[in-house]
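Chains: A, B, C and D, in written order; residue numbering restarts at 1 for each.
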Amino acid sequence: MFYREAGQFKTSYKADQALFPILQDRIGIAAILLIAFVVIPAFANDFFLTSIMIPFLIFALAAIGLNVLTGYCGQLSLGTGAFMGVGAYAAYKLTSIFPDANVIVMVLVSGVFSAAIGAVFGLPSLRIKGLYLAVTTLAAQFFLEWCFIRIPWLYNYNSSGAIEVPRREMFGFIVTGAEALPITRYFVVLCITAGIAYLMANVLRGRIGRSWMMIRDMDIAAELMGVRPLQTKLMAFAVSSYICGVAGAMMVFFWLNAAEPSSYSIRLSFQILFMVILGGLGSLGGAFMGAAFIWILPVLLKFVPGALGIDIAAETVEHATFMIVGALIIFFLIVEPHGFARLWQIAKQKLRVWPFPY
Amino acid sequence: MLYDIFIDPFVQMYDMPDFFLQVLWEGFVAGILYALIALGFVLIFKASGVFNFAQGIMVVFAGLTLVGLHENGVPAYLALILTIGVMAVLAYGVERIVMRPLVNQPEIILLMATIGLTYFLVGFGEFVFGGEPKQMITEELGLPTGSTAFEIGERGLIILQHIDIAAAVIAVVMVIALAIFFNKTRIGRALRAVADDHQAALSVGISLNQIWAIVWFAAGLVALATGIMWGARSDVSFALEIVAFKALPVLILGGFTSIPGAIVGGLIIGFGEKIGELYWGGLVGGGVESWLAYIIALIFLLFRPQGLFGERIIERI
Amino acid sequence: MKDFKQLALGTAVALGVGLTGLMTPAAQAQDSNYVPLLTYRTGPYAGSGIHIANGMHDYLKMLNERDGGIGGVRLELEECETGYNAQKGVECYEATKGKGALVYNPYSTGITLQLIPKAGVDKIPVLSMGYGLSAAADGNVFPWVFNVPDTYWDGASVVIKYIGEQEGGLENLKGKKIGYLFLDAGYGREPIPLLEQLAEKYGFELLQYPVPGAEMQNQSSQWLNVRRDRPDYMVMWGWGAMNPTAVKEAVKIRFPMDKFIGVWWSAGDDDAAAGGEGAKGYKAMNFSGVGSDFPALADIQKHVIDPGLSSTDADTIGGTLYNRGVLNSVIIAEGIRTAQELTGKKVITGEDMRMGLEALNLDEARLEELGLKGFAHPMKVTCEDHAGSHPVFIQQWDGKKWQQASNWIEPMTDIVRPLLEAAAKDYAEKNAPWPARTEPCPN
Amino acid sequence: MNAFVADKALTPAEADGSGEPETLLRVDNVSLAFGGVKAITDISFDIRKGEIRAIIGPNGAGKTSMLNVINGFYHPQEGTITWRGTVRRKMKPYEAASQGIARTFQNVALFKGMTTLDNIMSGRSLKMHRNFFWQVLWRGPAEREEIEHRKKVEEIIDFLEIQAIRKTPVGRLPYGLQKRVELGRALAMEPELLLLDEPMAGMNLEEKEDMSRFIIDVNQEFGTTIALIEHDMGVVMDLSDRVVVLDYGKKIADGPPEEVQASQAVIDAYLGVSH
């Protein structure tokens, strides 16, 4: 009823291959962009921007990165946290080596370093598959984490052992450092995330995206169709790590302001993996939905009782959060193993036939 | 530099044989503990194809329950029995609430579900027993606590902790008990049948649900034993969960479905890690233990993707 | 299954609704002083964090119950759980700063580092008592950060000085081997430059034993190394589950416990108790009182614990970390009191609080007034020196509880101070343009 | 339709109708073993350009292994394979694909998570060349290339009469249609040699007729050489020009259908005379 593609005819392959071929989807995406670019900046307070929107967008980007690798190319990785760390440390080094360069360019360039590292740790994927590969990516996770601590050059020999973000300006706005306004940082993060998401949507609907999915769905058949497995997998590792690296760099530059190696620990890897799985493997929209769920739900659980005047001890809330998040993860996996993306499709289906059940 | 890498470590081993033996012993004990955690993984993977990430937290949870009950005035042995009961309830609950609805899902979904279970157990365990680390009730359980020192020659000294010896003995007993269980009992045979082929097992009237509940319970028992041993070495706290990751490289070496593989893999990782850290770790500033095991496993995999005891994989289409 | 799906969709919708609710936080009442407490009672460091959190909470709560707050204004306390996690720390900060927070005590080096640059912007001081960034002691560079009574470099110099005393003079350290066991993170690495400098100066050999965070409970390699290297003394910079494990391992290899000295964060009662009988003799630095024999602690018992206003386990009162938390709250309370005196206001702001902390002068008489005679060394903050390099004592575990084992030992200020200033300068340069101090000095 | 009947001009030998047609692929004395188990023993045969060659034999005869050897998935321990007159070195499956060998699989090996359209588009992978940079931008060259190949894919979709399921994920299709999509995917590669592994297994009579028609059309209209494995003897005898019969990894007969049908060895193999 509300969501109907009947009557929308495509007259060219070009129109048929558009990202959002259906009118309602185009309206929907326009509405989301309007909310993101206009409504939220106009009405949100600092807490909403810094503690909800900025991390949500950064995590969504990281989830897109991991989704490229796991959701589209079928290579399970538990090293996301470390690849994000590579991006963060690379961006930090770049900004201190080139203090006058544009910080956003540096953040985008930093991804190149994590792409290279990611490709190196992707090499075993030619011989190792599935859960075995997942365990070998743990090698990347723990080894890189160790490097972040042990190579003082990476953190400019700071006595604190952490990386701290200096103040940088762009077009007269302070974009990084403590003085940067949440709204400025929000716009930077939003533009980068939305931009990369759009570019990835392009890659995923073309030849390269298809070759990743071929490897995922049936690697042997893909090879017999002329897809070079190593090249294709390494490219997925590199692209995925690039995106994760940019997300990691944004995490420290536009959100946390300072980071220790433990900020990029195995827990972060799991966090991102959850977002990808719950959002839906192989779905860009799912990455956003998964990030929203995994990041925002605990924040809500933590602060909403207080805001409503319900007095619960802080640690009880934390314990309850763990239990609820854990239980909901299992619940959603049982209900719909294909994640929120599939739930969304079901919802669309319902809207299409409404008010009839079928 | 080359000398430091290729010669000096061996010179050291030769110069201080007592110390080398001590290193081997520590490696052995660590290996046994890794193997015990890996054993829990293997049991569940064999029977249900689930890669149970929650095994680490089950170790903590079991230890915490035991100590927590004791702190609340339950006598040690009764607490032990009650904890076994709790693990049985947990196994039944997991089978009923998590495994059964998720049957036939891809392995990554099952993996995620066990991580979800991990979150839940972390919250639940802390909620019930509090987050502060607890001391294992080693003595109350009648486990030995002292140590024996062997003095060799002038300066030679080897110290063996009694608890470590007990850990080794208990591990061996558990493995033997499991072997007997698998080979001699009806349920054990059913379990092996399930491991071979779910469909075929179903068709000859084996209840998968029952088998799953049993393996989760068995894994829970292994977790309890691990929790007691590791708790006695440091203490029972949620930081232990991370140590449990070490079981993963062990599994890679031993294969996901092989019980002897878990033991041998555990020992290789245990020895490799200690020897690597003590004789070569210093070259890069030490603390390499956090990743050495994974790198060993990774290199190993590149040469033998099927694991130590796995059969050569023939790809078919 | 279909119902499940509807339920799932419903959950998603509810999530969205709740989200919009968060966009408008409740306004804060203006008749109280708001003190957020960033604590952690969960996660791998909960073992240490719980006692600190209890101590901090109970003392401030006691002031509310006994005196009706400070200067007649009640304190509004809010705990926010960080789990020692940097992400959650920032979240707690953002959630509470808008409510008129007076001061932050992050109890995590990682969170402290994140807050340091924000403090000056949001005009809320950071009080990292005996942790955090050592360089922050330079008040001219870091007007908004306070790390009384000591920095880690002070602590490291005290340890060496103490070891020198044991050996009959610092000159006797020549040729000795001192092992340094530390959590392999910024926290544990910070003292290394100072220790290296002292090693060079006094001719002892410094052996380093890093413990990776993930391996806190798996230290047998480190201690095997210790056995091989046979250091004369061991110094430890540990936290959370690392401490009890280290003590146990030391007992295991039969290291002489009276030559094993922990930093003040390795001084918990549980840490030492884990080693059982064998841990007898283990030493640690401390700057807060030992035991519960202080009138203020009795007041806590009377006004907070007995009426059931706290989750503190009564027999942990007087434990080292509990007392540490109490001392932290004493400094907060005195900061507020001083700020009230300086400004004449009752309800103060973060900026007033900064003045109050900078003018803090906790002398002998004041401590006695507070019912805390001998609980801490008198401490004074100046505009230049936000740590103060106050004396520290060594305590020793007698198998049951801690006993004071030395007099107050002055840090080697002459060595530490230049290092601090250089580090502060370095920080400001690396984070250029770092704002120059414009805040007035209340002294 | 002529869009993908490219360079299929008849060879001179075929054109003047004299002599033997060109040999596309030759298998000489090939043996393959897994561990101790011999899957193929000393087999030789050839595939001529433009013919339909059938490989038959009882279960476990080594037919699929033979196809796997031909497209480089298994490497024989002994023997050589000659492709268009050159002896082939040990190579990877994707190299076989780029030389023009396409195949379908015994158990449908479609990309389950992708739609019919994407599956067939995946057959065009080797023909598409826009690199990552253009792909990211999409507008311009990458989009043009995509549309150009989409047209060819749509031609295949028309040919196979599967327009209605264009946007359906293949996992949801019935078995018969999946087989058809798989054929479409192989055709999209515009192969020289098409290997079909039991294209009609599990089909009903009607579906088999459709599939037979497609195979003949492919062979005749596009001139594609086809080697197929099939159990349905009726189909094999009708379709194929020549038949090679395997049993226990050995070749027991080779020749035109009638000849093979009459061979005593073949009859024994199928009726199960003990060895």
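Here, a residue touches a chain if its C-beta (ideal position, glycine included) is under 8 Å from a C-beta of that chain, and two chains touch if they have at least 3 such contacts.
All of these numbers come straight from a predicted model, not from anything done at the bench.
The two chains most heavily joined by C-beta contacts are A-C. Chain centres here are C-alpha means, and the one lying farthest from chain B is D. Distance between chain centres (mean CA atoms), chain C to chain D: 72 Å. If each chain is reduced to the centroid of its CA atoms, chain B and chain C end up 35 Å from each other.
Centroids of chain B and chain D (each the mean of its C-alpha atoms) stand 49 Å apart. For the pair chain A and chain B, the distance between C-alpha centroids works out to 33 Å. The multi-chain contact residues of chain D, meaning those touching 2 or more other chains, are 73, 105, 109.
Within chain B, residues 126, 131, 242, 245, 285, 287, 290, 315, 317 each touch two or more of the remaining chains. The set of chain A residues that touch two or more partner chains comprises 142, 146, 220-221, 224, 266, 315, 318-319, 322, 328, 334. Remark: chain A residues 70, 76, 124, 127-128, 130-132, 134-136, 138-139, 142-143, 145-146, 150, 220-221, 224, 266, 270, 273-274, 277-278, 281, 315-316, 318-330, 333-334, 337 touch chain B in the complex.
Within the complex formed with chain C, the residues of chain B that make contact are 16, 19, 22-23, 26, 29-30, 126, 130-133, 135, 145, 147, 149, 159, 161, 230, 233-235, 237-240, 242-243, 245-246, 273-274, 277-278, 281-282, 285-287, 289-290.
By the touch criterion stated above, chain B contacts chain A in their complex at residues 51, 97-98, 101-102, 105-109, 111-113, 115-124, 126-127, 131, 242, 245, 248-249, 251-252, 256, 284-285, 287-288, 290-291, 294-295, 297-298, 301-302, 305, 315, 317. By the touch criterion given at the top, residues 13-14, 17, 199, 202-203, 205-211, 213-214, 216-218, 220-229, 235, 239, 282 of chain A touch chain D in their complex.
On the side of chain C, the complex with chain A involves touching residues 1, 4-5, 7-9, 11-12, 15, 18-19, 21-26, 39, 41-42, 78-81, 83, 85-87, 90-91, 94-95, 98, 109-110, 113-114, 116-118, 120-122, 133-135, 184-187, 189-190, 193, 212-214, 311, 423, 426-427, 430-433.
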